Every structure is written in C-alpha cells, then in structure tokens.
Amino acid sequence: MSSVLQVTNLSKTFGHGDIFRDVSFTLNAGETIGLFGPSGCGKSTLGRCILGLEKLTKGSVLFEGKDIFRLDRKERSCLQAKMQMVFQHPEVSFDPRRRLIYSVTEPLVYHEKGESEYVLHSLLPLIHAVGLHPGILDKYPGQLSGGELQRAMMVRIYSLSPHLLIADEPTSMLDMSVQSQILNLMKEMQKKNSTACIFISHDPEVMQVMCDRIGVMSEGKCEIMNKNNFSEWMQPLLVMDTMEKDH
Amino acid sequence: MSECTLSTQVRKISISIQKSDWLYRFKMRRDLQVACVLIVIILIIGFFAPDIAPQNPNITDLEGKNQGPTADHILGTDYLGRDLFSRVICGLQTSLEIALATIVISFIIGVTIGSFSGYQSGWIDNVIGRIIDVFLAFPSVILALALMMLLGSGVLNMIIMLSIVQWASFARLTRGQVLAEKNQEYVLSAKAAALPGWWTMTKHILPNCIMPVIVLATIDIGHAILTIATLSFLGVGIPPAIPEWGSMINSGLPYMRIAPLNVIVPGLAITCVTLLFNITGEGIRDITDPKTDNEGSL
Amino acid sequence: MHQYIVMRTGYLILTLFIASVFTFCVVNAIPGEPAEVLAKHLFLGLEESAPPELIAEVSARYDLNKPLIEQYSEWIRGILSGNLGNSIIYNKSVGKLLELYLPPTILLTSFAMTFAIITGIALGIASALHQNKTADHLIRFITIFSISMPSFWVAVMLILIFSLWLNLTPVAGYGEPKYIILPLIALGLHSMASIARIMRTSMLDTMEKPFIIFSKAKGLSRKKILFSHAFKNAFLPVLTVIGMSFGSLLAGSVIIETIFTWPGIGALLMKAISARDLVVIESTIMVIVFMFLIVNFVIDILYHVIDPRITYE
Amino acid sequence: MNTVLEVMDLNVTFPTRAGAIRASQQVSFRMQKGEISVLIGETGSGKSVIGLAVLHLLPEAAIISGKINYNGREILSMSEKEFSRFRGRDISLVPQNPSGSLDPLMRCGKQISESLEIRGISNLKQSTEVENILSNLQFSDPKLTAASFPHELSGGMRQRVTTGIALASEPKLLVSDEPTKGLDYSSRKTSMKMFLHLKHIRKDTHLLITHDLDLARMIGDTIHVLYSGEIIESGPVDEIFSDPHHPYTEGLIAALPRNGMKAMPGMCPGLIDLPSGCYFYSRCPYQCEQGKTIHPAIIPVNGRRSVRCHRFSR
C-alpha cells in the first residue's frame, strides 16, 4: 500500500530558536503514528504545519503524493478536506454562537453544496455510530460536555471521509472514563475508514494503546521508535512502576 | 480552558443557558428597556422635528427677545426672540442626522479595514496599524478643528470630518477582536475543514466579535453628539442659520444672567440624548457579554 | 527593557513625523490663499479684496510662495534647530509664545488630571466595594451623567451657578489659586467619570479571579487582599484609560481655556485659528500631539514596569 | 479517636434558571488526624463543592444544609467573620488551576511569605523559610523560583508553588482541589513525587480531591468515590483498588489505559434532572431490578468499607 503522508526534513524556526528540525517520516493508510513530548516541545506546531495551518521554514509535506504548498487554491482545498484535525479543547472547537447542527453539517454544506437538511439526513448513521442522540445537535456548544462535543467533532470530521487525521491531545482535558470512550471510538472509526492518524499526546500510556509507531520529541528533534523500543525508553517515566507505595 | 472554581463552573452553566437567549437578560433590565423606548421616541421626534416644533425656529422677534417662559414660548426666547423650545427640538434633528450618518459611515469603514488588517497580519497589518495609531494620536477635538478649517462649515462637511475622526477607533477595536478570535480553535477547525477565508470571516469570526463594536457604535453616537455640540460652540462646523445646541449655548452666553434658560436647556438636551445612548450601549454590553454580569440599573 | 524603550521611542518619532506631515498638509490646504487671508487680516478689513501687489508682498515676506515640500522641510528644519518660526499676528517667535502660553496649560491639565485620577479611582473602588448597593447606584449614576455632559456646558453651568448666582468664585482670570477651581472641575470631570467607571468594572472583574479567591483561602485580611493583590491587578486597564483621557483633557483645554480666558495654548490655538496664523496653528497642534504621545509613552513604559508578563520583542 | 474533620449529610444546591443543580447530596465522611482522605470523582460529581464548603468559599447563591465539624466545632454555620480565623491558619487550600491562582504581578517568594506572615514569622526569617519550603517541594533552585514571577514558571512548577503557599501557614488540615489537573505527564509525576515526599516528612491531615486514580492510589489512605454528587463507595485505598464493589469504581479502574482502556457505556446524568432510581442504573452492567425505581442507600460492608449499591443490601 502506498503511503498517505510523506514528511521530509520538516523544520520550523520561530524567533531565535528552532521549534523542531529535520523531522521525516512516512505514514501508511490505517496506521497511527504518535508524537510524544512534554508540553511546549513543539508537537502541536508540527501537527499544524503538516496540515498547512502554519507555514513551514523548510522541508516538504507530500499528502497522497502531492505537495499541498505547491497547489493552486482549488486543488489545495480539495486535498485539505481529506486531512482533518481534532483539537485539545473540545469546548472551544465549535463556534459558540452557532447551534451544533450548523457546525457539524458545515463542511459538507460547503464542499458538496448540499442543503443542510439533506446533509443532516445523510449524516444520521454517522451520528448514531459515535453514540450521539441527534436531538443534542440542536443545542449550543456551551451547553454540552467535553465528551459530547468531542463526539460531535468526530461526526464533523468523518463527514468528509478523511484519509489523514491529526489528533492534538484530543482527550487531555477529559475525564478518564470519557477518555476511554472517545479513544475507543476514534480507534473504531479509524479502522472502519482505514484512516491514517497522527496522534499527539503527552501521556505515554495512552500512546502505547493508540499508536503503532511513536515519535519522541525533545529539544527540537523527533526520534521515531516502534512500540517495543518506546516501552523500553519510557520505562523510567512510568509513575506506578518506579515508585512503590511504601517508598 | 475548563475553569477552576465552582463558582465559575456554575456561572458557566447559567451563562450557557442564557447565552442562547439574551432576550431573557433584556427582559430583566428595566432601565435598558426604558432607554430603548426613549431612544425610539427621540428618533421619531428628531425625524419629524419641523412638524412637531410649535413655532418656526428661525422667526425672530426683537421685541420679545430674552424672555422667560410664557404661554406662547414655553421655554422663553433667545437673544433674537426666537422660540427656544422649537429651536431645541429642531436642534435634535441636526445632531441626530449628523451623528447617525457619521456612525454608519465610520462603522462600515472601520470594520472593513480593521477586520481586513487583523485577518491578514504581516506587513499590511503593520502599515494599517500605524495609520490607525496616527489618527488616534490626535485628540479628537483637535483633529476635528483642523479638519473643519480645511473643509469649511456645513452639515455634509461635518459628517465627512467626524467620519475621518472616528473610523480609527472602530478599526482598532475590530482589528483587536479579529486578532484574538482568529487563533481560537474553532477558527482553526474551520480552516482545517478547508473552508475558505471569506467563509470563516463572515460566518464565524465577524459574528463572534461584532458585538463589542456595536456597543462602541452606540456609545459613539453619544460621543459624536458631544463633538458636534463642542465644535459648533466654538463657532466652527454648523452654519449659524441651522438651529444647533452648541451654537445656541454659545449665543446665549452674553445674556446668561438675564436669560439662563438659553444656556441651560440646550445643554440638558445634549446631556440627556448622550446619556440615553451611553446607557443603551453599556446595557447592550452587559446583556451580550456573558463576562460582565452586573445586574442592577445604570 | 532598554530595547523596548528604544523601539518605543522609534515608534514615537515615526508617529510624530507622520502627524507633522498630516498637520502641515491639513493646515496649508485650508481653502483661500493664506497670503490673501493674511493680507486682508493684517493690512485691510476682512471685507475688502486684497490688491495683487499686497498679496505678492505678503507672500514674499512669509515665504508663502514656495512649494509645499520646501515649506515643510524648512519648518521641520526650524523645529529641529529650535526655531519654530514667527507668529504673524503676534509679531513674536513661536518659541517665545509657547514659553508664555505652555506653563498655564501644563498647570491646568496636570491639576485636572490629578483630580480626575484621585477622585476617579476612589469613586471606582468605593462603587465596586458596595456593588449593587445605594452608594454604587449613586456613583454609577453620577459618573454616567458626567460622561454625557459636554465639558463646555459644564464650564458654563459652573460659572452660572458658582460665579453668577452664588458669587463664590470669580468668573475668569489667572494667577491665584481661586481662579483654577472651576476650570479644573470642568476639565477633569469627564476623565474622572471614565476612570471611575473603568476602575469599578476592572475591580469587580479582578475580585472574581481565582487568585483573589485563593488569597482569601490563604487567610489574608480583606485589606491586604484589596490593596496588595486586587488593586494592582485592577489598575492595569485603568492605566490605559488614563492615557486616553489625557487626550480628551488636552482637547478639552482648548474649549475650557477659551471660556475661562485662561492664558494657555488652547486659547492661543483658538485665536490663531480665527486669525489664520498658520505657523502658530501648526506648532500648537504639534505641541498638543507631542504632549499626548509623551504621556502615552510614559504610560506604556509604566505598564511594562507594573506588568512583568509582557515580553519585549 | 482523634477526629479532625467530620462532614455530615452535606447538601449543596445551586438554583439556576434551568432548575436546581444538586451538586452534593447527603455526603458524610470523617477524617482522623494524619490521615489522607481522597474524594475521587469525575467532572460534575460534585467533589470540588465539598472542598469549597469546608473552606467557606462557596458562592453566596448556594443553598447549603448539613454539618461540618472541625475539631469538634461546627464550622458550616459560622459567620464569615468567625470562620476567617480558621482560614489559612487551621485549614488551607491547594487550589485547582494553579496558573490562575497566583497573583501574576507578584514574585512567587513574596506570595509564599504572605502566608508566613500570618503565622507571625518575622521578615528576617522569611526568606530562608521560603527557600526551605521550596526545596521541600522538589525545586532544584529555590532561590531562583522565589524570585520568579508566576508566568516564568511551567504549569507543574506553579502547582508546586501553590502547594508551598498552602503549606507555609502550617495548617492542621490541608484541602487540595485537583492538584494534578491539566498538568502534562512529567510535571504530574513530579507533583506526585512531591506529595509522596510531603506525606512522609510532614504527616499532614489531608483532604485530597482529584480525578486522578494514580495520585489517589499512591498517596491516599482512605478513598471516597463520588458519582453525581453522592458518595457511592468508600474504604481503604488498597481494598478499593484490588476489589472494587461498585460497578462504577470497577469501570473507572478498567478505563485506565494500562488496564486495557475498556469504556463504560453512557454518560453521567445531568445534575439538574437526576433519575429517580439508582443514578448509575442506565450504565450499570448488572442492572438489578430495584435499581430502576429505588434509590440505594449507602450501607456498610465488612466494617471498614461502605457502598451504595443494591447488590450488597441483602
């Protein structure tokens, strides 16, 4: 199978220092690569650069063989619709002044020029699949919990049937039981659509459950490891294993 | 960010309930309702001023000049014997005409330039930001004075001049709002969904940051009325034939001791109209901005 | 920090430069040949038309027939070398005039500003501490009313009430403390009210911040919470408003000085405008803009001193 | 027995336009001297409300009933003035959201010495005392930290500074409200280390409110699990983790990534319209018949433990 995403020598400089430099990896359909590092190490910026939300300093991103920065506007928009992002704070990921129903149907309404009634109808199976009651979509984002919003986000994203999903700490603001629901849902959806995924997180345990390979970011460098190497590498980091209760 | 203490959590819940219908908050604010009704009344009076005024505001009567209140002239007459009450009512028309036109023009110019600048960023934003700064570096009345000398007096010139003076504050506010809003995750998520810039701007960013600008516009109507009065008090701006509150006070000054109503009444009129717009502006801010939850009047 | 001051100074000079070009253009583009207006004003009555020879003579004497750019560069060169040019109607150098007229203005505005800041802050805090009680309602009503009154009318009303009716203060004049009271209040009232209003809002905002609640949990006394935590944080937005209201104060001084015949640059400007004394108009406007920019410059620096969070880029 | 804190039948309700939010219902527990009690629960379980109630920091709109005894004195009904003698001196708080809880315009050292001042420590001794406290909190360079402004520190460091402020006044009861919320993995780990260290050197009586199971397990002695404003299970830490009785506790433990991240179905009911039967009924894997209509009472099991579940009521 050909690679969905090919990242070569990606670098980003801001102000005086590098945020990251020479990051390279390829990603196949259905595969998940993790980006691990403490807060402020530049992992979110890397995700945004790949998506084209921020400008790169150096390097290239090939998505399905095409460089998104070298395309004209129309082609770029088509291609970008196939790569989607989930953000860290579900409560601000939706326009606070619009009912959820508008935000969820918006991408399809724009890209397929469909009527919102019709779009909603076509999305109903997806809405049920993520475990949301359609009635909830009539509310405003401020009235819902983080878990519900993150589910709605999955509907919005998968409505475009993306080939690549970048998840930027999608559950770090959520409770443990909600986290397990959302992550399981993400895995399931990913399997069904064989979406490639870049999973950004600072939690090594979640990392191990979600990812096939893991890129550890520190001091601007990104080292890609497979799962076994990663669990060896992070052994000293794990809380419960290193510290016995009786010290 | 999910917030900290419980008080904010609880407030968030009640806000989210109320956010969808700020009409509820409007219903709670008696003072705001009264102010809105009064503004409508004032607009009507301003619009039909010549018909409402009991007498022609420009008919002079040198026999009965500087009179106190009489049956004919309920507020007395000025130094040329013109009916004070009628002149005050017609002055309302002049002020409202200029102020409303000014605010509409400078609102459109300011919001367009400000949102463009804020969304673009980079050197375009820098240049526009500098220009806004220069306009704001002039105390407004000074700039207005200089411009009035350039343009000469007249209602139309007054509108042009005030628009030049006021667009910058709208532009600065809009620019700041857009700058803050465009890095919100929901805007990024719209970008990530490959929605184009104009779509994001008109459907998400502007609707989310326009409310403070509307509040500013409401308060600035009052501000414009003050500036108009100040300029015509100084003798620039409005030709003497048109009844205007500022110039009425100015012409009443020499006779202040014998006919004090000529300086008191127009000033009260200015104050009341400005007060109404100020109260309404702040009221709109209170009911639309969930952060300031100051119940109570005024 | 030093870097920031240097950068900010650069901005200040740039803004001043653009403002000077702007002022010069506006003033010199005033309709009617300046030479003609001048000739009428100086040598003839205003109704008569000036003979061409006279206009030519006036033009030559005051360098009015040169191209605008040259006039501008000469003006700027003059300012930089300390020579502001000569007033036409006063027959004095503008430098001398400013020497004479600037101190009263500085006196009046600084007194008015002090009055506005002190009363404004006091009223704002009092209002915030008695939120939604009678005192609060009263203060809010007084301040919103003060904001809505035009300052010239306040001046007129003060004269009417205190000088004409009650005979407590003199109508106008300069030189003794009693002369400054009315202009001071008329000028400072508007700024006082806006400072009080922002102080109240900011104080209430700050009082709900988590760190205030935490200070309470720490067991600090109410006084300590108010003055060492709440006030300092609440003061930052007030600082910005103080800077802005200094602008309206300066603008207000033009009117207030005219009404109270206070011998300051505001009154000078009004006289110069009616006499079309271009050099004086330009210079006084520039002085006012300069003062406004300097005050805001200082406030900006102050802001950075108080608030360590702002980084200097 | 040396009971420091006793909470009895605490009910907290917030009236809103949409209805009353029942944030806390019939919460009762007691704490011995030197004990670390953990209130564990997720968003909306009402755990923070209890901490704030102990400290008299609930918003005025809250309707509160029940009793809180601190060292034998009823503190819930005290006036603000009476209670302010306890705050900071006897009971102190480690707040949630350390970033917002520090005064941005004041150096961290100064903020800690404010607490020392309450204890009456002279100005001269304050700076050494501050450094002492900071080095106890696992700071490598206490002097530098004391001289920093809050924005110059990372989230984890700010969390430890707020803990330092709370400890500086030598409280007899420490209430910490979600101390690890929003921290990334490594700062969370350092904070845990710090709490463990403090537990060994200080033996504070500590009411820990958290959603972090690892933290609870590492430093807690007794655990009270909260769900929808009620305590649904309590008992010693080891027993609860090794043999959870309530299906919700079971589900929570199974949802940890290292335990396979098994998801519980459904969501917590809203606090405004709670179901009439067992609040957990719709998500419960056992779904016993009584749960549909009858709300279970909390019942003791084996002496030291108690659980709110119909399966144990026979």
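Think of it as A, B, C and D in the order they're written, each chain with its own count starting at 1.
Note that contacts are C-beta pairs under 8 Å (C-beta built on N, C-alpha and C of every residue); 3 or more make two chains touch, one makes a residue touch a chain.
On a predicted model such as this, the values are computed, not experimentally measured, just so you know.
Undergrad: Please identify the chain with the largest separation between its CA centroid and the CA centroid of subunit A.
TA: C
Undergrad: When you take the mean of every protein CA atom shown, which chain's own CA mean is nearest to it?
TA: B
Undergrad: Using Cα averages as centroids, what's the distance between subunit A and subunit C in whole Å?
TA: Spacing between the chain centres: roughly 53 Å.
Undergrad: How many angstrom lie between the CA centroids of subunit C and subunit D, rounded to a whole number?
TA: That pair's centroid distance is 54 Å.
Undergrad: Once you find the CA centre of subunit A and the CA centre of subunit D, what distance in Å lies between them?
TA: 32
Undergrad: Please report how many Å separate the Cα centroid of subunit B from that of subunit C, as a whole number.
TA: Computed from C-alpha means, the inter-chain centre distance equals 21 Å.
Undergrad: Residues touching two or more other chains, restricted to subunit D: which are they?
TA: Within subunit D, the residues that touch at least two other chains are 43, 57, 95, 97, 100-101, 182.
Undergrad: Show the residues in subunit B shared as contacts by 2 or more other chains, in ascending order.
TA: Residue numbers touching two or more other chains: 1-2, 4-5, 7, 17.
Undergrad: Would you please write down the residue numbers of subunit A that are in contact with two or more other chains?
TA: 146, 173
Undergrad: For subunit B, which residues are in contact with subunit A within the complex?
TA: It is residues 1-2, 12, 15-17, 19-20, 184-186, 188-196, 199, 203-204, 207-208 of subunit B that touch subunit A.
Undergrad: Report the residues of subunit A in contact with subunit B in the complex, numbered from low to high.
TA: Interface residues on the subunit A side: 48, 51, 53, 76-78, 80-81, 83-85, 87-89, 91-98, 103, 106-107, 110-111, 140, 142-143, 146, 153, 156, 160, 173.
Undergrad: Within the complex, which stretch of subunit C touches subunit B?
TA: Residue positions touching the partner: 11, 14-15, 18-19, 22-23, 26-27, 29-31, 131-132, 136-137, 140-141, 144-145, 147-153, 156-157, 159-160, 164, 201, 204-205, 208, 210, 213, 247-248, 250-252, 254-255, 258, 269-270, 273, 281, 285, 288-289, 292-293.
Undergrad: Within the complex, which stretch of subunit A touches subunit D?
TA: Checking each residue of subunit A against subunit D gives 38-40, 145-148, 172-173, 175-181, 183-184, 202-206, 208-209, 237, 239-240, 243, 245, 247.
Undergrad: Which residues of subunit C touch subunit D in the complex?
TA: Going by the criterion above, the answer is residues 209-211, 213-220, 224, 228-229, 232-233, 306-309.
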